[in-house]
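One structure is given below, represented as C-alpha cells, and several questions about it will come after.
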Amino acid sequence: MTEGSRNITRQKLSRRSVLAGFGAGASYLAMPWVARAQDEIIRIGFPTPLTGPFAAEARDQVKCAALAVKQFNDKGGINGRKVELLVRDDKLNGGEAATRTLELIEKDKVHAIVGALSSAVQLAVNEVTRARGIIYVSISQSDTINEVKDFSKYTFHEALNPHMTTAAVARHSFKKGNKVAHLVADYAYGHEMLRGFKRAQAQIGAETVGEILHPFGAADYSTFMPRLRSMRPGILCISNFGRDQANSIKQAVDFGMKQQMKIVVPVLLHNQRLAVGPDVYEGVVGGANYYWGLESGNPSAKAFNDAYRDGNRNAIPTDYGAYGYTGVSSLLLAMQAAGGTDTEKVITALEDLKYDVAKGPQQYRKCDHQSVQSVLVLESKKAASMKSEVDLFDIVANEPASTDLLRSCSELGFPA
Amino acid sequence: MDTELILMQLFSGVALGAILVITALGLSIIFGMLGVVNFAHGALFMVGAYAGLWVASLTGSFWWGLLVAPIMIGAFGMIIEFVLVRPLYGRSIDDPLLLTFGLGYVLVEAVRIIFGSDGIPFPTPPQLIGVVDLGVGFFPIYRLFVIGLVILVLLLLWLGLEKTRFGLIVRAGARDPTIMRVLGVDIGKVWLVVFGLGVGLAALGGVLAGPMRSVNPEMGSLVLAEAFVVTVIGGLGSLLGSIVAGLLVGIAISMTALFAPEMATIVMFALMAVVLLIRPQGLFGKLA
Amino acid sequence: MSSPALAAPATASERKPSSVTAALAAYRVPLSILALCLLPWLLPSKALAVNVLVYGVVAVGYNLLFGYTGLLSFGHAAFFGAGAYITGIAIGQFGVPWLVAVFLGILGGGALAFIIGGLTTRTRGIYFSMVTLALAQLVYYVALQASSWTGGENGLRGFTVDKINLFGTTINFLDPINKYYVLMMFAALALWAVSRILNSPFGAAIEAIRENERRARTCGYDVEKTKLLAFTLSGLICALAGTMSALHLAFVPLDVLHYHTSGMIVMMTLLGGARSFFGPFVGALAFLLMEDVFSLWTSHWQIIVGSIFILFVLFLPRGLWGTFLEKAVR
Amino acid sequence: MTAPLLAVENVGRRFGGFVALEGVTAAFQPGKVTSIIGPNGAGKSTFFNVLSGVLTPSSGSVRFKGKDLAGVRQHEFVHLGIARSYQITNIFPELSAHENVRVAAQAGRARYNIWTNRKRFSELDDKADAALVAVGLAAKRTETAKFLAHGQQRALEIAIALTSDPQVLLLDEPTAGMGPEETRDMVALLEKLASERTILLVEHKMKMILGLSDRILVLHHGRLIADGSPRDIQTDSEVRRVYLGQNDGYA
C-alpha cells in the first residue's frame, strides 16, 4: 500500500480500534459528540477483499478510490464538506460483506457505499443497502445486478457487465464462419459470459462447435482438453475468472491448443497476466474496462494515470483499480451537483450525470443504472515486444460507449 | 464417443492421478506411522511450489528446484514435528489435527506476506515444453515426465520400505508402536524422519504441479481436500491404498469430465461416500 | 477420546465445586441471558453483536457433539448453511411467514443432520472427521449446482425481513437493536435447550460414550443410536443459528457451506473451551472480536489468528473459559 | 437339576485362519460360581467376549433362559441380564465414582430422555449408592474415578456391572494387578455376590479359584479339556499335563 492510501486507512483504523478498545461506555458516551462532528464530513464506505486471492486488486481499488477522494478534498470538498473513505475488509465473502456494510451504515453512519470485487459480495451489499435506502455504487462485473429482480433504485453499476464485455470482445475477435468452442465456469459469471458470447456469435455468424461447463474453482483442466481439441474449433473461448482463467489458459497452452486456435476470454486481468507470465498469455484476446496504455490517445486517462503515478511512486493503475476511481468520482460528482448528501437528490444527479474521469464519456442508464461506457479489447503481448514490466497488452479496439452493447430495458424486465 | 477420445481421457486421468497419488501418499505415511492427520498438508504443498520456484530462480534451473525444494521443506517438516506436533503425542488424536489446521492458516498468510497474494509465474522447464503424439492424440511432454517421475518415486519408496532396515522399522512401527520400544529403536527419530518424508512428498507434489497450474497462496486448499478423499478411499495409512485410490479418483474425474464435465469435482466426493458406505475403513484400510 | 488434554473439570456436577463454579453451573442459563442482554453495548457494533449471537449458538450446538460426545465433526457448516438456505428460500420464494420459515430451517437442518449422522456415526475416530468433511463438501457442491434455488455462487438473496409481528406488535426489524433482541430470544432458547439436554440422563450418556465407548456399550447403551441422536440435536441447534444468520444478513453466501466455516466453528469452540457450557460462546465472541480488531490493523490478520490458535492447542487446551474455570476452582 | 440359565453349544470362533475357540459346550446353573481357567491364549477372553456379545460366534449357539442370542446386539445383553467386567480396568475415568455407577444404572430406563433433569431420577441415585455400598466404595462417592486406587477401580467396575441387577455376572480377572490385601477384599466381595447370582470368573490365582468356585472349566488351545468340581480338576491328568508342561503348576 502506498503512502496516500495508507494514511487514509490508518487514520480510520486508529479511530475505530480506539473505540473497540475502550468498549461500551466510552464509545456510547462519545456518540453525541461524534454525531455532531459527522454532519460536517461526508463518509463513503468501501468494502473490498483486502484478504484472499484478490487482495492485490483490492489494494489497487483502495488506492484509486483514495485518489478520487483526495482530489475532491484538495479542491475544497463537496460544498465545503470534507470527504472521508472508510475501507473495510469484506474477505471476498458475502456474509462478511453484509456484516461490514451493516456496520458502516449503522455505526459509522456512512452516506454511501462504493465497492465489491465479486458478484456475490456485490449482491450482498446491494441487499443491505436496498433495504435501508443507502446509495451504492457497485464496481464488480455482473449481469444479475441489472435485472429487475435485483434492481435497487439506490444502486448504480459502474463496472462493465458481462453482456457488454462479450459483445465488444466478440465484435473484434470473431468473424463470420468462425468455429467457436466454449469452456465455461459453471456458475452465474460463466453462464452470463457464455450467453453474451453466443448472442454476439448469432449476430456475427460464428458457429458454436461445442461447450463444456467446468466446475467452479477447478485446478486441473487437462481432462477437458482432448474433447475441446476434438471439436476442432478456430477459437477457444474461455469464460471464467481469476485463478480459474490462469489455470485453464496455462493448461490449454500446455496441450498445444494455441498452435491451432485463438484463445479468447471475456476479461483480461492485469494482475492475473502478471501472475502467470507473458508466454502463457501471449496472443490471448480479452476485454477490459481500463488499461493504462489508453493514455496515448485519451486525455482523461493521461490525467488519471499521472495523478496516480504522483502518489504511488510512478506505478500505474490497473483495471479493477480504475473502477475504484471512476466509481467514487461519479458518486462525488453527483453529490456536488446535488449540493450535498440528500439521497433522492443524489440519485437524480447520478441519473443525469455525464462524466469523463478516466476513460472517456460515461453515463448511467436510467432504467437499470448501468454505466454506459467504452469497452477495451486487448491482446496480450509476447515477452519480446514488451517495452516495460507493465507493458502487457496491445489495444485491439476501443469500442465506444453505446447502449447498443447492452440488453434493452424491456429485455431486463423494466417497464418500457 | 470415439475410442481415441476415451483412451486419451483415460490417459489424462492417469496423469491427474499421479499428482493425487504423490500428495495423498505423504498424508497417508504420516497418518499410518504417527496417527496424525496433517491438515497443513495442502499448505505445505503450496509452500513446496513456492520453494521450488525460489530455488529455481536462484539457480536458474528447474531441476535444482525439483531436487532441493522437497528436501528443504522436508527438513522444515521435521522442525514442525519436533517443535509443534511432538508435545501433543499422548493427548487426544484431535489435537495434532487442530494444530496443523491452524498451521495451515499461518503458512498461507506467511506466503502472502513474502511473495504477495497474486501468485507468480512458474514456467515449464524448456526441455519439457511441447506435446507428443501418443497415437490417439497429443499430450504435453511435461505431464508424461510427471507420470514417469511419480513412478520412479514410488519405486524408490517401495525399495526403501521393503529393503532397508529403516523401512522395516517403519512398517513394524505402523503396526505396533510398542514393538519399537522393545526392540530398542529410538522412536522419536523415526517419527521425525517419517514426518519429514511425508511433508517432503507434499512439497514434491507442489513443485511438480507448479508448471501445470498457477502458483498462488490458495493452491493448496483444493489439494488438501483431494488428498483427504484419496487417502480415505484408499484406507488411511495404507500406502497401496493411496496409490490405487489416487489413480481411481483421477480416472473417475477424467471420465466424468467427458460425460458430465460440470460434475467433475463432485464425483470424487460422491465416490468417497459410496466407498465408505460399502467399506467404512476404505479399500485397503484395516478396521480401527 | 479420553485425553487428559481436553478434560475440563466443569462438566460433571459433583466434582469438588468451588462456590464460583457451582454458582455458574446452577444459574448458567439466566447468567448467559444476562450477559447476552448487555452484549450489544459492550461491542464495537451491533452487527458484530448479532454475529456473536449467531456463532455463539453454532459453537454451543457444535460443542454438544465435540466437547460432550467427543466426536470431532468437520462438517457442521452443512447444517448451519442448511438452516440459513431453507429459511431464505422459504421466505423469498414461497412467501412463508418468517417464524414458520425459522421452524422449517431448523427442521430441515435437523433432517440433514439425521441423514449425514446416520451415514457417519458408524465410522470411528479420524474417519468420522474426514467423512463428515467430505459429505459437507458434497452439500456445498450441490448448493452450488442447484443455483435456481440457492442462487449458486452469487448467494441467496431477495428475502429481506424488514418488519415482523411479534406478540401483536409490529417491530422494525431493520433497526439493529430490535433485531438483536429478537434474535437474542432464539439464542436464549437454544442455550436453555442445550442446558436441559446436558442436565438430562441423555447428557450423562453422551459423556459416558466420550469417556469410554466400550464400557458405555457394555452398560447397555446403544452407542450408534445415542451418537446419532447427539449428532441430530447438535445439527438442529446449528441449523437454528443458520436461520438467525439468514434473518440477520438477509443474504446467504455460498461460503457458509464451505469447510472453512466448519473449521472456524471448531476453532471458536476450542478457543473458548470445549466441555464447558459457556466456553464455545466465549470462544465465538473472542474469535469474532479478534477478527474485527485485527482485520482493521492489518490485512494479514489470518497469521495472527492462526498463531493464536496454535498456541491454544499447545498451551491452553482448555480454552479461555476452561482455563478461567480452572483458576476459579483453585 | 433346574434348567440352565446360560448354555453354549458347540461354540467356535475364528479370526481369519486362527481358531480361538472350537466346539465348546457347557451349561451354567443359577446361583453358582464357575471359573474358567487355562494358560495364556487358551481362549478364555474370547469365550467371555462371545458370552457377553462383544463377539459373535463363528459357529454354534449361545442360549440365555432358553432364548438363542444370535442377532442380539451387544448393548442389549445387559438388558437381558448378562453383565460383565473387563480384564483391563474399564471405567469412565473423568467421572466421579457415583456418576460412573449412576450412568450405568440409567441405561436401563432413561437412555434417550433428553429433557428431564437427571436429578429427578432419585431412584437411580439410590441404586448407584447401593451398588457403591455393596462393593465398599461408599466413602469414595465423589472421588474422580481416575484418581481411585487400582483395587478401588476394579471394585468400581464391578459396581458398574451390578447396577443392571444382572442374573449372570461375567468377571474377567477381577484381581488382576492387585496386591494380597486388595485381593483378599475382592475375594470377600465375590463371596458375598456369589450368594445372590450366577458368576462366571476368569482367573489366574489358583488358590482363590479353588476356594471360590463350585465348578471349573479348563480351556486349552480354544478347546474345553476339562469340566468339573475343583477337586476333579485338581486331579485331572490332562489339566496337570497342560499346566505342568508350561510352568511350575498352580502358581
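Lettered A, B, C and D in written order, each chain numbered from 1.
Basically, contacts are C-beta pairs under 8 Å (C-beta built on N, C-alpha and C of every residue); 3 or more make two chains touch, one makes a residue touch a chain.
Here the structure is a predicted model, which means the values were calculated and not measured.
Engineer: Looking at CA centres, what chain is most distant from subunit A?
Structural biologist: D
Engineer: Roughly how far is subunit A from subunit C, going centre to centre by Cα mean, in whole Å?
Structural biologist: 36
Engineer: Roughly how far is subunit B from subunit C, going centre to centre by Cα mean, in whole Å?
Structural biologist: From the centre of subunit B to the centre of subunit C is 33 Å.
Engineer: Centroid from C-alpha atoms only, then distance subunit B to subunit D, rounded to Å. What do you get?
Structural biologist: Whole-Å distance between the two chain centres: 48.
Engineer: Suppose each chain is reduced to the average of its Cα coordinates; what separation in Å results between subunit A and subunit D?
Structural biologist: Taking the average C-alpha coordinate of subunit A and of subunit D, the gap between them is 74 Å.
Engineer: Using the touch definition from the top, which residues of subunit C touch two or more other chains?
Structural biologist: 141, 145, 300, 302
Engineer: Which residues does subunit A have that touch at least 2 chains other than itself?
Structural biologist: If we look for residues of subunit A contacting two or more partner chains, we find 51, 55, 186, 215.
Engineer: Okay, what are all the chain pairs that touch?
Structural biologist: Inter-chain contacts occur between A-B, A-C, B-C, C-D.
Engineer: Which of the residues in subunit A end up touching subunit B in this complex?
Structural biologist: 51-56, 186, 212-215, 217-220, 222-227, 229-230, 243, 246-247, 250-251, 254-256, 271-272, 274-277, 279-280
Engineer: Considering only the defined contacts, which subunit C positions touch subunit B in the complex?
Structural biologist: Result: residues 1, 3-6, 72, 119, 122-127, 129-131, 133-135, 137-138, 141-142, 145, 259, 263, 266-267, 270, 300, 302-303, 305-307, 309-310, 313-314, 317 of subunit C touch subunit B.
Engineer: Within the complex, which stretch of subunit D touches subunit C?
Structural biologist: 52, 54, 73-79, 83-84, 86, 90-96, 98-99, 102-104, 106-108, 110-119, 121, 124, 142, 144, 160-161, 164
Engineer: Under the touch definition given earlier, write down the residues of subunit B that touch subunit C in their complex.
Structural biologist: Those residues of subunit B that touch subunit C are 31, 35, 37, 84, 87-88, 91-95, 97-99, 101-106, 108-110, 112-113, 225, 228-229, 232, 236, 262, 265-266, 269-270, 272-273, 276-277, 280-281, 288.
Engineer: Okay, in this complex, where on subunit C does subunit D touch?
Structural biologist: 2, 7, 11-12, 14-16, 196-197, 199-205, 207-208, 211-212, 214-223, 225-226, 229, 233
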